[in-house]
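This structure is in structure tokens; I'll ask about it shortly.
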């Protein structure tokens, strides 16, 4: 039985505790938070779980095997490093750290000590993303031409991170997982409509060696919530609407053809789509449950997580590059090709 | 009765003839096309309309008052200038010309001769865009923060114009009409996935002095057709889905608020929207009919069209700037502030 | 070249003339209407078509081979019989006649004279209904359990026919075509919310020997337009949304299973569906064009139309039975099994 | 603090316990179930709650003030009566009992002992239904013409109750609450497609003295889940889609008008809707939480619940009448007018 301590019981922490509590082979030993009201809530819901305001004590508790950190990103590096140095396996919320240099230090510390370091890029563990990966990796889509994502919603403003760290971070992780490749360059524009706040709207384009473009439209000021991705391939195309309850993924049996026949051009212009559409059934398991089980599996069987520290670090590198491009009004920023390698697949 | 000759009976020409034929005060005198099959079709449908393959003869026919040009853009300048020099009022398809220098010459020629020059930016005459303008111009939305448009569909490739000239051109005209202002700078990225073809996918950002950003996502390779615009204001927000049959425009009663209360942040994060929504009834008249009537009104009453040559020219300037930025991987391109003035409103 | 005369240029007549005019082998010789404004409209649109207010003269014109009747249903029998007696092939709008006895007389007259009698149940000629028929007739759906249709919209009231004759008539024809069987009994309820008007809302259930139930929900007082059909089979199920532009038909790969496991019951209760979904591409040809071509084919090649007078008569029998049941508050009304046989398939 | 014991921890029981546990003034003292696995689950989740397989002991425990019964309907009467006779307030799942005679006995027993008897018709406590009630009760809709409900989904078959008791029961309760009136007669048809199982598909029409019709389409064999209600009034109309995340209720600013103008008839036929639409914001509180709080309020302040035993009994009467009509193929079954009176509104 892996015993885990959770630091932070704010927005995301309760989801971690709820899922960890029902994960086989995992037990939540302790929850730490500075806010006593939060701890009271833990005690009411889970009378068997210890609570504390003292992070350090929990991190150094010899009965605890792993630490999960669900605090603001500015604290991730310090808390994460302390956990690793206390020889704990580490679960880090996304984004992993404020800088890629910090991310690299955590990766190296975990490797040196042979500890499991997982970054909670939850989307990678959804049935939908895993179904897309399955279709893509077996070549059904053909050559990939573009990835186009919209993540907008009406959100109260966060004061510590930009909309890129909040929303585009999902696409950066999904792209890393789907493609197994990093972009060569990034161009981003964006703005903060309110002085003194981080960017609340951004458009980010990623350029890949193959000619593929990925684009992320992220916005905290939209009147409606949208979570929609289009992926265009030479053989098939996919739409993925994460808010659609029953048909999240639609696969369109349509590649590209050329014509000079004006009549055909007309037909295609007025048509909504051509070819059959197929909506595969998606595994509806809660992603966080799958991820928790994967974390235990990695600890027990000494595996590398699918969303390991290196993936987390590459995502931070993209945030950094996008932020730099944004500050230069869209100038293309080159990325140093980071070596890519994959963690273990979910068991 | 204004007598009009139409050049080009390919994709759009039939729509012009059908609408002109039912416009009060307007009569289609002649249709010209190089393709005899097209002319045969005209004769079958409208036995009363003359047909010809000889453009020049038609342009110089003294019985004809106005010329509509619905041919490929590369021919617009030459044909349009010939029509103006023959003292004909001019209806030009969009985009107006290949270069803004050509557009300027047409504008000047029309002014010199006191002829009406309308550019067929049809969207401006839809009930939906006019309803948005009404709401915006009376201040219901407050300060405008962003305009975000998606126009994607599966189209066979055109070999002569890029996706910007084909699709983003609509947004450029709508923005000009709604805002009455030109952007200060443009940043665009895009790509052609097939050698030797124009760009088939592009992301264009327009920056305005007020801090507003407009963004256009245009793509010929999407599996589904999308025509969706979000407009965010300080008081209200709008969604406009042009493919929605009954509720094209939705107005959300929601502005922006700030908070540090983590509980409220949580509530907004999980909510889909807050505040009431209102879908005003939209005038369903066919836009081309409205525009045809406006053209007649401008000729008869010596008015300046809502979508006059100057608006058309500013749109071509934006296409040029976006194309230049695209060739430089997103580098921000400044626009020389062109003087803005408005044509007459639709009667 | 089959020459056709059209009686009635009100709501539907213009659609007939427009489609007949572009049908190969068919020419519209004359249009009759009592309203001179309507005839003026015809002349403006089709200068080559004769117009008249004199039905009889047109019916007896030896240059005319076929008559199409698009007048109120109360005139169908008299006009149709006159056309048949003048040895004209006959195109009748739906519903065919006011009574099934009248329908029978027309069928017999047409048979005696070896004339083609088609009833314009347009839906049978849509790509969507023909795709459903294809799937059903090759057994993909398995045994059919139910057919559930909703046709509601906000319509101004008609004073001469009930909502059953206006809307449910489509389902009666579609069911006849899909199943090749008539129901054994009908139960209907309905009401007119305004004294002196025909029923504006009705719910009709049709019972088949196999145990299948068909249900039609028709309503002129709905705030939104809905055209939705569910078909449940032992192997697969279908949804057909006629207002959906791109995915009218969805086929669900799901039959029925039994369980006593309460956990599974729970899963199914909360699940939206199980199994893949498939949206086949649908032929988008205009149904009226297909039907016009089929009419010509039947005349020229002496075939029986898919929607011949017998199908039209069976539909009128269902309207009569439903109306009788409705007047008795839902009492089940038995139908005399009418012999079923099929017309020719569309070439 | 009201102490409650819950009998049955199957499909619905866990929802009760979870909500009761967070309801102010309410404490879950004990959970009873015959299945030890269920009880183990309770202990894991709520170490502080006692568990037992002995219903009687729990019912007679003097420390317990109220009993909630979430067992199969066939056991409701016996368990409910035992609880009342032990002087416990009673929370009963819907439908309240198998027969209206049993329901009456429970109502009388509770009245005699001055105990609170609530029937868990959860929908009445949703923000959506309460918003509809608010609009209706202040007269915004005008005279109500119809209520049209569709509740279909793919459900594994239940062996003990029909689809009427499972799904139409919601509409029966909602109608009782919205209208404050019972129908005069019921006509229902339905079928079981599998021998030996209860009806899996049913169409039920309720006739009211005012001329209003209510119709319920309930079906366990649909490929998709639908929860949609249309309500038509003389002034406005409402659609209520319970699966829509953000715009559950839409109010259409449209009454009924009459015309003989064929041009207007045409316009209405082709239009999707007329008039503005308005989607009011809905209170998103979990209905069961609101209902639990209301139960406590009724116990503490001696109030009659909104969904009291009499409402529950009237719902059972409707199930009985619909079932009888269904067995007679739709024959209209009269209802004895039961006296109507309302419980207290939610505080």
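Each chain gets a letter, A, B, C and D, in the order it is written, and its residues are counted from 1.
Simple rule for what comes next: contacts are C-beta pairs under 8 Å (C-beta built on N, C-alpha and C of every residue); 3 or more make two chains touch, one makes a residue touch a chain.
The structure displayed is predicted, hence computed values, not measured ones.
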{"item": "B-D or A-B - the one linked by more C-beta pairs in contact", "value": "A-B"}
{"item": "Most distant chain from subunit B by Cα centroid", "value": "D"}
{"item": "Subunit A-subunit B separation of Cα centroids, rounded to whole Å", "value": "39"}
{"item": "Distance from subunit D to subunit B - Cα centre to Cα centre, in angstrom", "value": "52"}
{"item": "Per-residue overlap in subunit D, given as positions that touch at least 2 other chains", "value": "224-225, 245-246, 271-274, 277"}
{"item": "Contact footprint of subunit C on subunit A as seen in their complex", "value": "245-247, 271-281, 284"}
{"item": "Interface residues, subunit C side, partner subunit B - complex", "value": "47-48, 224-225, 243, 245-246"}
{"item": "Complex contacts: residues of subunit B adjacent to subunit A", "value": "10-11, 145-146, 148, 150, 152-159, 185, 187, 189-191, 193-194, 201, 203, 205, 207, 211, 213, 215, 217, 219, 221-225, 230, 232, 237-239, 250, 252, 254, 256-260, 262, 264-266, 268-269, 271-274, 277, 325, 329-332"}
